[in-house]
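The next part holds the structures, each set out as structure tokens.
Both complexes shown next keep subunit A, but they swap its partner, so subunit B is in the first and subunit C is in the second.
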Partner chain A sequence: MASSSDQVREHSCFQEWIAQQECDLSELLHYMEAPANSDETSAAREVCLRQLVDKNIRHFQAYSEKRIRLARDDVSPFFSPTWCSIFENSLLWLGGCRPTLLIRLVYALCGLQIESQLDKFLEGIRTGNLGELSARQLSLINDLQGRTIKEEGRLSSCVASLQEKIGDQPIATIVNESSSEFLEPNAKVDEALDEHEQSMVSMLEEADRLRMKTLKELMNILTPLQAVNFLAASKKLHLCVHACGKRRDRFHGRRGK
Partner chain B sequence: MASSSDQVREHSCFQEWIAQQECDLSELLHYMEAPANSDETSAAREVCLRQLVDKNIRHFQAYSEKRIRLARDDVSPFFSPTWCSIFENSLLWLGGCRPTLLIRLVYALCGLQIESQLDKFLEGIRTGNLGELSARQLSLINDLQGRTIKEEGRLSSCVASLQEKIGDQPIATIVNESSSEFLEPNAKVDEALDEHEQSMVSMLEEADRLRMKTLKELMNILTPLQAVNFLAASKKLHLCVHACGKRRDRFHGRRGK
Partner chain C sequence: MAGMCYGVNMGETETSTPVEPSSKSARRRRMEIHQFNFVPNDSAVAPPPLPKKKRQRIETVVDPVPPPPRSCGVEGNVLTTVPEEEDEGSTTTTFDLSATTSNDVVPTERPKFGMTSVCGRRRDMEDSVAIHPSFCDSRSGLHFFGVYDGHGCSHVATKCKDRMHEIVRDEYGTGELSWEHTMNQSFSKMDKEVTDWPRGANGGAASSSCRCELQTPHCDAVGSTAVVAVVTPEKIVVSNCGDSRAVLCRNGVAIPLSVDHKPDRPDELNRIQDAGGRVIFWDGPRVLGVLAMSRAIGDNYLKPYVIPEPEVTITDRTVEDECLILASDGLWDVVSNETACGVARMCLQSRRPPSPPRSPGSDVNVTDAGESSDRACSDAAILLTKLALARHSTDNVSVVVVDLRRGQ
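On to the complex of A and B.
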């Protein structure tokens, strides 16, 4: 069971994650903008970019592990975090972003980059960014998208079943038997809700695993340069929605004044 | 756009709804427990119970209309309400309960009441409550459940598409074009988020319509006595989860101390 000090830990876990995202984004942008070192071979640069991608994945993994540890003490706040803006919360799927959002972002960036560099492409100039996904890469991403939609659907159905179970035993027995409108605190109800929360921890773990799996597969499909390009855009997207959400909360006179 | 006074209105809309639920529950229990008036014919009692059911449905309808009006000014809080407990929020589906939860509760109550009155039933004593659903009623409920699951799935898919769209234009353009890690407040992003919120209002309306439709159909399938029985149990369930959630929040040192 959690206490108010757990609340502080949950908040700071998220704040540290946002700070990490900003720091990682800064490093990713630095690598993307740095002119290629003439002493550096193309292969050496690839290795360097791949290491950067791996480091970013390790940061995701560490954040996920930390929040799962916290969720084991008190899971409900992860489905409706008080540390996110109200707007961000309305976008949540099982305590985080939808894994398919990552794939949608790849397609959007690919389309935008094709459009913006079409002239150069026709002149034979290659940049190797997301506008130059190969047919094989597109086919692999398409396959990943299909599998991810399916897994998202499966987890959504599991959550639906858990939520519906609230209308079943043992709570149904208690509301059926009680003849009063004032239900006293009841140990059996609390036990049922504890059990529900334990199942929600498993759901959060499964959802985080799917987010991580989708990201890792995507990173393996993309070239190191494309992967860095994608990671920078996805972090900008996250930080942008977080900042806009906070501004909206302030505007509406909500949290985080 | 909403202001902090809208926050007050949103909170009090929910508080009034909880008070209304308590008041309605009290009236439902009173009718259920009152001995049948010897001057009252069975038909007259049915009319009286049906009027009570209709009144309860009108209260649901009025609450739904009121919150949709408020949501048009500021929709996000309805998907992650600060006026509910954190536990209740983890149970939400599109700003309220899953319509299929209502059907699950009917089945649970039916099973429990069959079990508890089996001896009397075998002696030929009939109470007419939810333990005595006819084959025709069960078939209609089963059909309703099938259609409701389908509709829930359709709305869940619509929300998934909306959430994924955040990774698409025009926000993708902005995160693609900006070379800085500090994204300035951007009118285009705000416009996109406003548009997203408008779509979320429509989703909330559709979900409320489905909740209402499911409840009304269920009330028509059940006899007036069974309907009163069900409404009382569903209100007890709601109030019980609300009270337990608030206790859990206090225990965890969260809102509502």
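On to the complex of A and C.
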């Protein structure tokens, strides 16, 4: 019925997102690499960086809202997207990245920068990057991590319960009572599956909400410069995994992604 | 190594270096920082602290960390509490000691310290840290520092955090002369408490927000390391059980004040075998192939091979002492004693230079000149923690840095 056009819309939603990510990344890199303008006060630069961060968050938000709208019509593809590489799909947690992955990325970037700049740091040279997370920032991030792990756990067990439900009533009963005509369309089964998909839409919404919440909180903990650094790194990571995944698909003879 | 003999009573220990697989030590050596280019006392010393503009914003956006349970000059230094424990309520105890401290007319030497404790790359937080300045009374100048790294679940480490300093205080109050005896008794009582706890009439059921929910038999397989330092005006008393570690930084030299209890440490191996136990290599040496340390609080099911008896070292303080570092193996697995001391002492020696205006978030806690040393300890603790994360520590990381310099 509407399936082919659904697929087209879902696919293009993702393609637009990837294009948006690329565009945002080059803007972020541009700001990071631009030499500090001597006329520009540091406060003005900070305002500028903060606006850039806010813009990126708005883009995330817009993408999330758009795909939820599409998911309300047809949710399953978002849990196993045909527009992503098989490798990306193997990484999915409820239709996207694990929110705690963001924390790990902060630690990795912090570590990378601190190890390479330790000598300079001890000499008192400061660059304001992620290696310089303050005690308070680290504490807030640790706290955020704890809460996010808990929330992830809660959602994971909700989805586990939904998945188990497929083996339970009413579908199990319907299938068991019908002799062999279960291959035929069955209104009751469809009804049960529709209900299941509705629940999955809620799961996707909740997962997206947690991803957004984690990102926003993190952006508030980081300084604007650190936040810009982080966003650039996260987009590089996403685009890299997407590109590598597609290459792997081609290597293994899977085509048409 | 010479430092090991410096007024240190190593108890029954006969070897002084923990045995370490050569490949691991080689890896550690590779990971050492080759050189510090820091020049002490250069022109960068003691600049004015930066005005803090950013902090308020951060505070309004995110829930602030609960304040530390102490009153004496630790604001902003106590960094992190275990996330799971925050709702528990039981860990934010109020101590009768703090009242006496704050009302004291002539405070004794105020300890300066910094602390960081993070979950890091693990999904469960099982480390706990306890810091109690003037934990016996306000005049004796005895300060308590403890790091507990739990395994199996978090509740034994949490219990140690809540109770160990009280037990030590009570033991000390009995007038027992020897610190060694006091600490031995304290660890033994601590162990008894955690062992009896789940079976007790009012069990842990009410306060068990931990993973295992104190269900037997699982909770028999839970334990914790404990490294406790009591710092007196004259001495540093370190009691250790397990593989957390205390290291003294004295005139730039790293002096371990505890020796990790690893099952393959020759004397520990003998003790375990004499008791009828075995050490089996299963992802490293483990008691009965299970536990990768030979002493711990708790772990009832591994007794008598795994014992709660601490090794106690008593070290006379000297004017050359710079700082004491207590940390869980999340730090020591990836940062050597020497590197840790090097980093900590540089942080203590260098007053914070002004940061460029773009990094306000890196500079949030400085209050007044009186706390700048606490700030330095805090800087040291956080830098060591970040270094551990940088070197891919996969464990929880807890670090306490205590300033031992006189007359600062």
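The definition used in the following text is that the second predicted complex is superposed on the first by the 249 of 257 C-alpha atoms of A that agree within 3 Å, B and C clash if a C-alpha of one lies under 4 Å from a C-alpha of the other, contacts with A are read in each partner's own complex, and residues count from 1 in each chain.
Following the convention adopted for this analysis, a contact is a pair of C-beta atoms (placed from the backbone, for glycine too) under 8 Å apart; a residue touches a chain by one contact, two chains touch by 3 or more.
Only a predicted model underlies this, so the values are computations on that prediction, with no experimental measurement involved.
For the composite obtained by overlaying on subunit A, subunit B and subunit C can both be accommodated side by side without a clash. Of the two partner chains placed by superposition, A:L52 touches none, neither subunit B nor subunit C. Residue contacts after overlaying the shared chain place A:R104 against subunit B and subunit C alike.
In the superposition on chain A, A:L70 makes contact with neither subunit B nor subunit C.
In the superposed model, A:D143 lies in contact with subunit C only, and not with subunit B. Residue contacts after overlaying the shared chain place A:L91 against subunit B, while subunit C stays out of touching range. Looking at the superposition, the partner that touches the larger set of subunit A residues, subunit B or subunit C, turns out to be B. Of the two partner chains, both subunit B and subunit C are touched by A:L112. Once chain A of one complex is fitted onto chain A of the other, the partner contacts of A:N220 are limited to subunit C, with no touch recorded for subunit B. One geometric descriptor of the composite model is the angle centred on subunit A: between the Cα centres of subunit B and subunit C it reads 90 degrees, in steps of 10. In the superposed model, A:A135 makes contact with subunit C only, not with subunit B.
Contacts of A:L231 after superposition: neither subunit B nor subunit C is touched.
Once you line the two complexes up on chain A, you'll see the smallest CA to CA distance from subunit B to subunit C is 8 Å.
In the superposition on chain A, the residues of subunit A contacting both subunit B and subunit C are 100, 104, 112. Contact residues on subunit C toward subunit A in their complex (touch as defined above): 33, 35-39, 44, 54-55, 57-58, 61-63, 65, 76-77, 79-80, 82-84, 86, 114, 116-121, 123, 125, 343, 346-347, 350, 352-353, 355-365, 378-379, 381-383, 385-387, 389-392.
Per the touch definition, subunit B reaches subunit A in the complex via residues 1-4, 6-7, 22, 25-26, 29, 33, 74-77, 79-80, 82, 86-87, 89-93, 98, 100-102, 104-105, 107-109, 112-113, 152, 156, 160, 163-169, 171-176, 178-181, 183, 185-186, 189-190, 193, 197, 200, 233, 235-237, 239-241, 243-244, 247-248, 251-255. Remark: subunit A residues 42-43, 45-46, 100, 104, 107, 110-112, 114-115, 118-119, 121-129, 131-147, 149-150, 217, 220-223, 225-226 touch subunit C in the complex.
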